[in-house]
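Order as written gives the chain letters A, B, C and D; numbering starts at 1 within each chain.
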Amino acid sequence: MLKFDEVQKHNSRESCWVVVHGNAYDVTEFLPDHPGGAGIILKYAGKDATEEYDPIHPPGTLEENLPKEKCLGPVDPSTIKKEEKVEKKQVVKDEGGVPPLSQCLNLYDFEVIAKRVLKPTAWAYYSSGADDEVTMRENTSAFGRIWFRPRILRDVSKVDFSTSLLGQKSTLPVYITATALGKLGHPDGEKNLTVAAGKEGVIQMIPTLASCSFDEIVAAKTHDAQVQFMQLYVNSNRAITENIIAKAEKAGIKGLFVTVDAPQLGRREKDMRMKFDDVGSDMQNQNKDNVDRSQGAARAISSFIDPSLSWDDLTWLRSVTKMPIVLKGVQTWEDAVRAAELGLSGVVLSNHGGRQLDFARSGIEVLGEVVEALKAKGLFPNPMFQIFVDGGIRRASDVLKAVAMGATAVGIGRPFLYAYSAYGSDGVVHALQLLKAEMEMNMRLLGAPTLKDVVPEMVDARALGTHVNFTPVSHGHQIYEKLQTAVGMPGEPANKL
Amino acid sequence: MLKFDEVQKHNSRESCWVVVHGNAYDVTEFLPDHPGGAGIILKYAGKDATEEYDPIHPPGTLEENLPKEKCLGPVDPSTIKKEEKVEKKQVVKDEGGVPPLSQCLNLYDFEVIAKRVLKPTAWAYYSSGADDEVTMRENTSAFGRIWFRPRILRDVSKVDFSTSLLGQKSTLPVYITATALGKLGHPDGEKNLTVAAGKEGVIQMIPTLASCSFDEIVAAKTHDAQVQFMQLYVNSNRAITENIIAKAEKAGIKGLFVTVDAPQLGRREKDMRMKFDDVGSDMQNQNKDNVDRSQGAARAISSFIDPSLSWDDLTWLRSVTKMPIVLKGVQTWEDAVRAAELGLSGVVLSNHGGRQLDFARSGIEVLGEVVEALKAKGLFPNPMFQIFVDGGIRRASDVLKAVAMGATAVGIGRPFLYAYSAYGSDGVVHALQLLKAEMEMNMRLLGAPTLKDVVPEMVDARALGTHVNFTPVSHGHQIYEKLQTAVGMPGEPANKL
Amino acid sequence: MLKFDEVQKHNSRESCWVVVHGNAYDVTEFLPDHPGGAGIILKYAGKDATEEYDPIHPPGTLEENLPKEKCLGPVDPSTIKKEEKVEKKQVVKDEGGVPPLSQCLNLYDFEVIAKRVLKPTAWAYYSSGADDEVTMRENTSAFGRIWFRPRILRDVSKVDFSTSLLGQKSTLPVYITATALGKLGHPDGEKNLTVAAGKEGVIQMIPTLASCSFDEIVAAKTHDAQVQFMQLYVNSNRAITENIIAKAEKAGIKGLFVTVDAPQLGRREKDMRMKFDDVGSDMQNQNKDNVDRSQGAARAISSFIDPSLSWDDLTWLRSVTKMPIVLKGVQTWEDAVRAAELGLSGVVLSNHGGRQLDFARSGIEVLGEVVEALKAKGLFPNPMFQIFVDGGIRRASDVLKAVAMGATAVGIGRPFLYAYSAYGSDGVVHALQLLKAEMEMNMRLLGAPTLKDVVPEMVDARALGTHVNFTPVSHGHQIYEKLQTAVGMPGEPANKL
Amino acid sequence: MLKFDEVQKHNSRESCWVVVHGNAYDVTEFLPDHPGGAGIILKYAGKDATEEYDPIHPPGTLEENLPKEKCLGPVDPSTIKKEEKVEKKQVVKDEGGVPPLSQCLNLYDFEVIAKRVLKPTAWAYYSSGADDEVTMRENTSAFGRIWFRPRILRDVSKVDFSTSLLGQKSTLPVYITATALGKLGHPDGEKNLTVAAGKEGVIQMIPTLASCSFDEIVAAKTHDAQVQFMQLYVNSNRAITENIIAKAEKAGIKGLFVTVDAPQLGRREKDMRMKFDDVGSDMQNQNKDNVDRSQGAARAISSFIDPSLSWDDLTWLRSVTKMPIVLKGVQTWEDAVRAAELGLSGVVLSNHGGRQLDFARSGIEVLGEVVEALKAKGLFPNPMFQIFVDGGIRRASDVLKAVAMGATAVGIGRPFLYAYSAYGSDGVVHALQLLKAEMEMNMRLLGAPTLKDVVPEMVDARALGTHVNFTPVSHGHQIYEKLQTAVGMPGEPANKL
């Protein structure tokens, strides 16, 4: 059995060993292919990396990506010294700061609490958006430009908001959308979502980049009839993708959501700034390394998300599965119409939660032009082609606005992550119950006993395209200096306003 | 006579007695039917609840809702120990902080002062709106999108702003609209409004959910000819409603305003958060209880506001009264036209002060489309069908904007509550005098000696539907983090803007 | 000769004497007619009121308003004790805080400095607007919605911005408009403006409500050819007005600007709040007195501004003068067209600096519709009917925007008051020089060597009517509470955002 | 050899000598012609001015502007006392405050850092804009009103953003535009830009008003094939301009950008306020001097920028060079069309970085009307007439918006100044690399593998002309006081909101 002092010798780019879950691995040759860059591995060269490794890699990652001979076998535990941890500028999870779950009255509450309990790096990863985060904020803002036209004196003693997504029942016109790295927020990761979805009768979409393995997430279902969808990044190596699809189909997954808005993963600067907390002291090297890493990330990503994926590939994709296929990340009527004409099962109008292209429009805004174009071509309404929307949804009123405009259901992501980060699956259950309570209330007040009664005339969305309400700001506006005057205002220093 | 230590034994869900005004009541069976939930009663199980009970229940509530045999009779006062009050985190009414009434120059002033003098729970109840309170703020904002086109060189030496509502004289095109739980602000509750309305010659609308009893409010009139209207929630038990109507008719009420925007009472989160100040220490139970209560509230409300009320019920309603009937809470031209075609006496364009459906449009915005549609159908102007508006009115200029656009009068609610919370009925009198002074001034400056001269051409309301001025913000915007930079701005810590 | 202790006995409403400039006056019967209310005089009953009297009354006021017998003659100075001054919460003029004049780079600078040096009451009077001051701020904001379309490659080596107003030469398309109570800011009052106007070759409009007498202002001219205009409030007593006009004509006044937007003087709450610093201790009385005063003010004003003034009176007005007559305060195209059709000499599109009707539109916005309507009727351009604009002008770019849209010249008021409050007439000279420097620069950059070259195509004013940029806020928005969350944001107390 | 005490005697307007780089000069007769005014030279009369002189004058300035006889020859160094420096309120360059270059993630970061490291006077000069700086901020804001319409499922494995400007290759559709006084930020001045441009394969435009001499900048090229453009202010003395052009042509300059938006240099008040830190104690004189200087500046500028330059002069200009001629500072479609019809090589749609006419529209907004007008006349697309845009560009997304709307390339100025102020040429290299990384990412996410694929349909620019998003504020809004109420809000003093 290996001794740890042997491992410690392999602590450089030339020979790099790491210990994960008690086994040593030789990752020297893998360094240039690591999607997160070589630098982050080198920090743990010759060390035990288990704690950092776990939340960002689903079980089996090492086994799948390294040739067998690179696993050097178990390290004798008695030889492992208590590793001097690289000191981190991170607060510990502050359990005392979490209010009782009953005090969470809406989905925004979970966000405020999550910011308290999450490690700064996790918060940065979950909460960040692309560039100036204009699109991320616009996603919520856009709903603020849609107003209701409620009807009166209708019998709303019974309210029913159940619906059907790709032929599968859901208690709400809401599904839990796919988000990556679920263990950053909670040790049970995505399984929290599975359990809550099962209990509350909604559908979870399993992410390709989950922290938990696909098998774990499927196994966490609360009952056999629980429905799950699958989100898919198409790999440059099509065989890998075919494997994933076959496995999903076998596990009873009921819908395949192919991500089409991420040929390259977006730059999220808030997330990137966090990483500087980990830099060593050799600024000169760090500097060079950064430039490399930045270029390397783009290259590296190419190795598992295929940037050449195009409409032509859909023929292949449809040949390898019987699951309904939905394009996730459609952002124009032109592409939505093409998807409908190809006979796909639907589209998700989405900008990836504002994490990819900044100044992409919100899904709810795109919904307006998509429904109009589909109607003009006689393709709407069509029960075999459903429209979904995600991004910025925080209230049942947001859900109802999307439904009124033609969406079958909406996806919600971050709020559920925030909910389980603070409260585990109970938090997600509570979040879903809050949405249901709001749905019941709002449908009564709209005069709509069922979702069919939520019609276009119930919303005034004329201002949706104006982008003028709830204005987001960019870096340019935050850093702008105030104007000066000849003297200061009372209480302020001269020459400053 | 009962001894208090006997009462104290009945302190659980299984057997729950409470003392109110010296009498003991067995409310065990009533618990699940309490509109406010069982939890709030259980806090006083086996105790004297008089102080908490009074401001939220009009006299006679217990008698009307409990079977006679549940009144267990008087408790021997000598056996009642000074009850250890549940400690409350509430400031006492700060009389010293109230400026002389003459310093209140406009209706906004009362709001600032009321916030100082009201108990936090009362402030939360009065001031809160639904969800993100966007509609509540939009109600005021909407008036900010209407501008004047004043005319010059007209003889305005005499200005007359008296008018007639449902055939009843009013010194102002303003009435005091119905609001609930008046005693939270002042021990005389709604009677403050009655007295001031009488003195100043305006009409008060009596609420169904008043703290004072209907009889008390009618009795508070300052003179026999004083006119009152009645607001009505239609009960699932129609007999109760018929009783209320008969009683109103007998008391000389001149108009019946049927609330149609509240099949379920709205969630007001600011109000809900206040309640957490009262929670006990058993968080686990509290947690469960909250979920129950939330579901229970919806059910409970159904027991006294009928969510099945529909257009068909108007036939019955018109058969049981000769009072003019006005629908309160109309929010689209479609429903206003229907009301006019049915021969009702009018509509109140209202969103319930922003307390029901968030993102409902303001009454003043709806007024624009309603008048247009009525005109197109030859139903406007029509002296037998009057249009009222409420929500967000704070200035005589707001009143005149509504009149110019076609309203007969406007309802004002909260500002009068705030006025009497700080100054009793004198405050309301002063508020009405301020409005009159503003009316005289503004009509002179508009070049309009009478309300007939306040014509559509005097306002530019083209921007009303744009929702872009005076922008309200939602939770989503308040909690959004500022962007980061590589270093801080001068005077700020690094990495924070 | 009167002894002061005799004066001191007459210190009540029943018998009220005051001393001004060494003479005693019996004002008992005048009390109800005082435009500022009786209360303010009663504060000085039996006392020497000279210091308070001076800045608000032009010389001769007492003589003109009181019957001769009410002047009781001089008081023996040796009998006057050093009067215990009513203590005032006012800072003294802070000369040390005034930067050198050369540091004032634009007209805004004077405003910031004036706020420092003016007594709070004077600042409140000068700077206040009506109600929520929305119109006052909109006056500046409106210019922010007009953008330039500058032309290139034109010979701008020589730039000429001189023009002609009512046939009188001016070095700038700017005149100094009439404002009241000029001595509040500086002991020389309006004479500061006269001197500066003479030095810089611009025209001053003399106000009816000046602190200096008409004769003093005329006498302050720097040279005989200096041109002055006159602003006129038409008195209910037409004889008084005819006297004023005759005097003006005799003094060589070249234009008569009749104010038509002030049948009643506006409520300016900032100004009113200042007065509470002077209240005595008897709150109960104060309270009543306030209500009286408020009603009394309206009545009192009627005594010297005639609210019945109408179009018919123009026939009389034209019969008593040969001066060109301009209506000041026109706010719609309808009234502007009527003035043009009547053959008047022009209109000032103005809302009285935002001091009268709140939510009146800005003069620059009205200009758009006025020019369009006059053109449609073949009344524009017409050298015999000139259009002026005032309100919110602070930059030469504002002036040029008005000229491009069709104005002959613009009036500027407050900035010149602020300039002389801090620097006397030198300040006004400097302000005018700054405007000239900006004019030269901006006309060069616009590609316009003369004012004739400043054409409509040089501005994009399409957004002028939208009212959405540079949004003013109302009281309603300032006092609105932030939303609450389940916990506070980092660094903030829980439950508050 | 001159002794320094002889120099010191010539310290007045009557006889003014200064020492620069060890030589004494008699500048008495030159005083009135100094573009910066006489005052600034007089501060150094009889002194050594080298340190102040260097950053604002390119080498050779004295030699070119003074007759030979005015150079009085070297001063004996042993006679020069350590000059008592005029004390300056300036912080020294804070090297410790500069984060590692790798932490700069976007172009905004350089601005925040530059503010830290630059002397206040340099910061004021670089960062200031005209008047209220509305146009300066609008330049960035305007891009915020353009949103993307990204396309999906296109092969973006390879992304190419190279292009051609006036026939010259560039790795990016970005050039480094001309900005003045480069040595204020860094001792190597504009040469930093030359080196970085060479390394990264982009084109630098050499400014007429550079701190480095033309020859130095040309000599700094990293390789012979490196392309440079030249910016030109046309001098009233055409011979000087012809000399400059001939020299440029000989040095291989590939394009001549004639500035047409600056017949007079703009007033930048932030910059002007800085100068008051240098005033002496004689305020009275200073005051007068300021007025003089202000007038003098306009006159002085006329001596080297010709305000009479007009379209007619283009015939002469085209006769003296074979370089392609581009007009820099075009702001309307009318002028752009005229330039195209004259057969020029292009236009730069620019408002001089917001430093000339405030309320001029942004270049990107003007682009919309220019392309539309050129298309309507059959003049677009036309490879021989290219359209450039500058102003406010900070992100690759801004670049792509301009390209989609029809621009060939965009100019970026200040961000590169900020980059080298903190990091020398490495900073500029890093800035260009950041733009490239963003370009690659954004083009992938747009679904555009080459710049030809970046088509008009990929942007929604309908709101561009509304000027309502990202609202800039003016002085008027910053100094506006908050409204008052009868009492303060909790935690605030009474009477203040």
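Note that a residue touches a chain if its C-beta (ideal position, glycine included) is under 8 Å from a C-beta of that chain, and two chains touch if they have at least 3 such contacts.
All values derive from a computational prediction rather than experimental measurement.
Q: Tell me, please, which chain's centre (mean of its C-alpha atoms) is farthest from the centre of chain C?
A: Between chain C and the rest, the longest centre separation is with A.
Q: Do chain C and chain D face each other with the same patch, meaning over half of the contact numbers show up on both, or with different patches?
A: Here the answer is different, because the shared fraction of interface numbers falls below one half.
Q: Roughly how far is chain B from chain D, going centre to centre by Cα mean, in whole Å?
A: That gives a centre separation of 60 Å.
Q: So, what's the distance in Å between the C-alpha centres of chain B and chain A?
A: 42
Q: Which chain C residues reach two or more other chains?
A: Chain C, residues with two or more chain partners: 103, 105, 108, 112, 132, 269, 273, 466, 468, 471, 474-475, 479, 485-486, 489.
Q: Spell out the part of chain A that touches chain B in their complex, as residue ranges.
A: Spelled out, the residues of chain A in touch with chain B are 100-103, 105-106, 108, 111-112, 127, 132-133, 137, 140-141, 144-157, 269-270, 273, 392, 394-395, 397, 401, 430, 433, 437-438, 440-442, 444-446, 460, 462-463, 466, 468-471, 474-475, 478-479.
Q: In their shared complex, at which residues does chain A touch chain D?
A: That would be residues 131-132, 134, 260-264, 266-267, 269, 272-273, 276, 279, 283, 286-287, 289-291, 294-295, 298, 302, 306-311, 313-314, 327, 329-332, 334-335, 356-361, 465-468, 471, 473-477, 479-486, 489, 495, 497 of chain A.
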